[in-house]
């Protein structure tokens, strides 16, 4: 059994890792750290894990974690950067779910996170963990920068358009909506049920931290600098991201042809589902699962292609994708532990 | 007291009219019709109206309704067209909340509603009831075509940009989201709580009936044919519409200048609130009220202006706007009966 | 115009007072205090109040507040006790929405709130602000202890049974459920949307602070010490309390007779609605309004009477009831400012 | 592989069976029937099952279904009664999730369902599928009457109290709350999101069809006729039942002793979790899983024991329990296919 450690397991991505790994056939979680909860039983904090987890939280320590084969960081930004050199030196494989190693440009990172990058020397080595793009590199990696939730839904939606140079990259629009679990498990007035249930709003409309990560990916797909307008919104629900993407077609290809390109691009991808023309993917159709579902639309007399893309922000947008990366790194079945039927209704 | 009749009062726009008119100082509801509920007490069907309404539903009849000063149609499309000639002939003022008289082109109407227009001779006479655009015409009108919910939020959001020719009209995008009450009160699997709570999706992405109404309005503001991509989405909540609008600026004006144009355009509008730069209007900030709140954004290194517009789909998007129209038609205070503080939380 | 001050207006009961008083015909809010928000505009913190409130929050000071005619405390427990003597000495009328003066026994208060009572000398003078029981005393009072939300729903539900000695007081059961706004607006992990939406649970099942207040009331109605089991639950919604009450009948009276007793008891109460037999009151039927709706049931071959009682926890359970008390204290129309039709849907 | 058929698979219990059986190691679903959807692909109706199910719905026919090893009825009441004799004659094992064979008294059934029982001759043979009570009988059964959702939560909660004669059976109270999926997937105004979200109410308070089933179970546990008041409520959420149970203790045993009795009673039960004293089980802690979690409480100076019991109404309250029964009937691992970690948040 592969031994896994989880740093910062009291948040949603940490608990979701615990849920997915609980039944993973090849992995056992052996260390779960939390400064604030050290000494307490995981199952007391997370009653849904009763019968599945008998560990106690411990303080994060390199020595303890070094006994693992793989360590997941489910921490706020900045934490992984500080501990990473020791971990990498000790030969551990590390999968970082935070934003710490996603951007290839340390200065850009610093400008969005208002602090210097704490470990620029490992940025180059970090592999961006989007299997649909970097599967081979992931297999060989020691350090994975797991993509953000919005970036996953948006990149997978735009990918075939950009790789095939089908659209004007000068004005891409991503109107994205996320459930409240995306804001994390911190005590916060803005995400109280009484504040955000039965309501809806945009946020970060003048600029959001996920923008540079998304643009970095889109640039690499298209081979040029794209212009992207990205507006996130807060949904009155728990899990799920929907991204509605707009781009101007520069091709004569019909929608059916573009549909075929999408189907071809993703035909061997176990977790990307290109739905039939006319479909409108619901976030609940991926709830609790690692799927990304995509559908294409075009309106009469219009040159604008519309891509609808949905994921579960905590699974394909975080912990499920992290497990998918781990499976690739260790040569396991890619769907091991994440072969879960979405929960409907 | 002005006597009001409501045709088809068992749906949400009908019951919302009853709520708003219950405390209107100058109006009393004297006839409430419903074929399916004729003979039953309104307050039995709508317990929230106990103590505010002691009427029974009656069958719709021109004779009974002709005793009113004003009649509201809160019916599915097609119903108002059939009854309208008699009503207009009898000198009644009519406010139609359905889609029957919104489009000026009867053939266009027929193509979107899959049936011939039942009363094309009255289309020209019908005034489109958006007070921010047609206030004077509304005051003199006998027949008001009350705007749809999406069209209200989107038109008010785009209006100053188009009137002032600040944007490229060749690629307008409206990504709009509505609460489930927008789908009406009919028994329908798709809007069951267990089907659409805790989930989110786009619908009608290849073309939606509200598109021609919106385009008709945007065309009139800009004086030319606009190209609009409109994608509606279903929110897991009851009331509220948010529209996030995207347009390419063709002006050198700064965001602050554009903000000033918006503030100027709406400074005398009692129900349009241009929020300060940096704001993100929430749908709950207008819940139960007749307000439309608007905020502007622009991202770094981008030429795309982002307009955020929120309304309560049942008030400014339907019944509140209908009352606003009635107030104008009868020379009452424009905010009479609709001066309601939004319900928060 | 009566001048009102609100101490601690950043929470839900405070903002609800602002909503209700904004359109009160005889009252203007002239002072709004908040230590944390002093200097900021009320309408910036509460965008739904834009156009209805142009005040800034100020630091709470007796001098400033003493210029008011009435002061509302919308503060956590303990705050009102500390400031109360000075306020009462200066001749102000005070309405305290917190728990500070509800219990007549200072020791009992101290044992449930884990601190000594800070102002025992004013307890006797404080009038418990349940108009259906204490209307005349309220009219003459200087200091009102406004009832809690659960206590309001439960007391109004049990009142006619106990006053008329129709049930065994040795085993009363109140199974009560509250929306999340009842937990207040503080940052708290437990009431995050992602924690309590789409879920339901009991809490405080071994004993809850509202128990002694409820028992104190029930004792006074029945003239003897009742035994009450009270279990609160957290609903995945914003506003509303439903209490399902169970008691063993000790009378031969039929359900119809008991219904008649309820109707008689409340026939002159403007805000208590005894619904027809067979009804099941919904919390939404009172949303945003000051009503309490009550319905009675009894099952075949059973001696247990079931009382269903619903209120809006922020209105009849807090701020609406506070305004009702104020109206009585100042000789205004009892429904002034709180004659609001519930918001449905 | 065991071949399973599902009759009436377009509702929630049917689709939940499809979800659970999709990954069952020993079972494959080979026939899925629906009169209304015959000929259509299951995955078109249920996009969450894309990649997990390539069947088409077929018309229900005994011949087709007779090729299965086990048939599940996920139908409205009455359907299973009509088809059952042929199925049993042909040697099939049948698990009926409807109410058709739960009551041992055909007349009682007829009086609650307003129609004669269609197959009284098989009632005696039917085994009530509550494994915690009838495990051995289930193993040998051909026909299982799978318990209802409320009855499961309530019976498991009361069971140790009644078996051990610890309470007065003359006044048991079950205040139960269910998510909207419990009302099924039929088009119905009352369970529209806009009707039941952000609201809460009791229903069936004068008598509900699940009462006789619950009483039948409680009678058998206690060996005498119990008196039960059962009030169901509708929660504004999708999945989950919580039952708060009240009973008068007739024993001197301490709460700790009673806790020990519960722990002992359920120590070998794979799907019943007696939580530590002081716990308040949340419905989300069992979401998507087959667990029932139970906690006990008692308030100061009170003789009333409070039992909190939660299940997922579609899993332990329906389809998961059906699979548990099937596993027992076929000698499989009892948790096969239903060893799912609850989905949190």
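A, B, C and D are the chain letters, set down in written order, and residue numbers restart from 1 in every chain.
Throughout what follows, a contact is a pair of C-beta atoms (placed from the backbone, for glycine too) under 8 Å apart; a residue touches a chain by one contact, two chains touch by 3 or more.
Quick caveat: nothing in here was measured; it's all calculated off a predicted structure.
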Chain whose mean Cα position lies farthest from chain A: C
Between C-D and B-C, the pair joined by more C-beta contacts: C-D
Separation of chain C from chain D, taking each centre as the mean of its C-alpha atoms, in whole Å: 38
Gap in Å, rounded to a whole number, between the CA centres of chain C and chain A: 45
Gap in Å, rounded to a whole number, between the CA centres of chain C and chain B: 36
Two or more partner chains touched - positions in chain A: 12, 179, 181, 194-195, 197-198, 236-239, 281-282, 284, 287, 345
Contacting residues of chain C [partner chain A, same complex]: 12, 179-181, 183, 185-189, 191-198, 236-238
Residue numbers on chain D that touch chain A, as the complex places them: 12, 15, 19, 22-23, 46-52, 181, 197-198, 238-239, 273, 275, 279, 281-282, 284-289, 291, 293, 339-345
Of chain B, residues touching chain A in the complex: 171, 173, 175, 177, 179, 194-195, 197-203, 205-207, 211, 227, 229-231, 233, 235-240, 242, 244, 246, 248, 278, 280-284, 287, 295, 297-302, 304, 306, 308, 310, 345
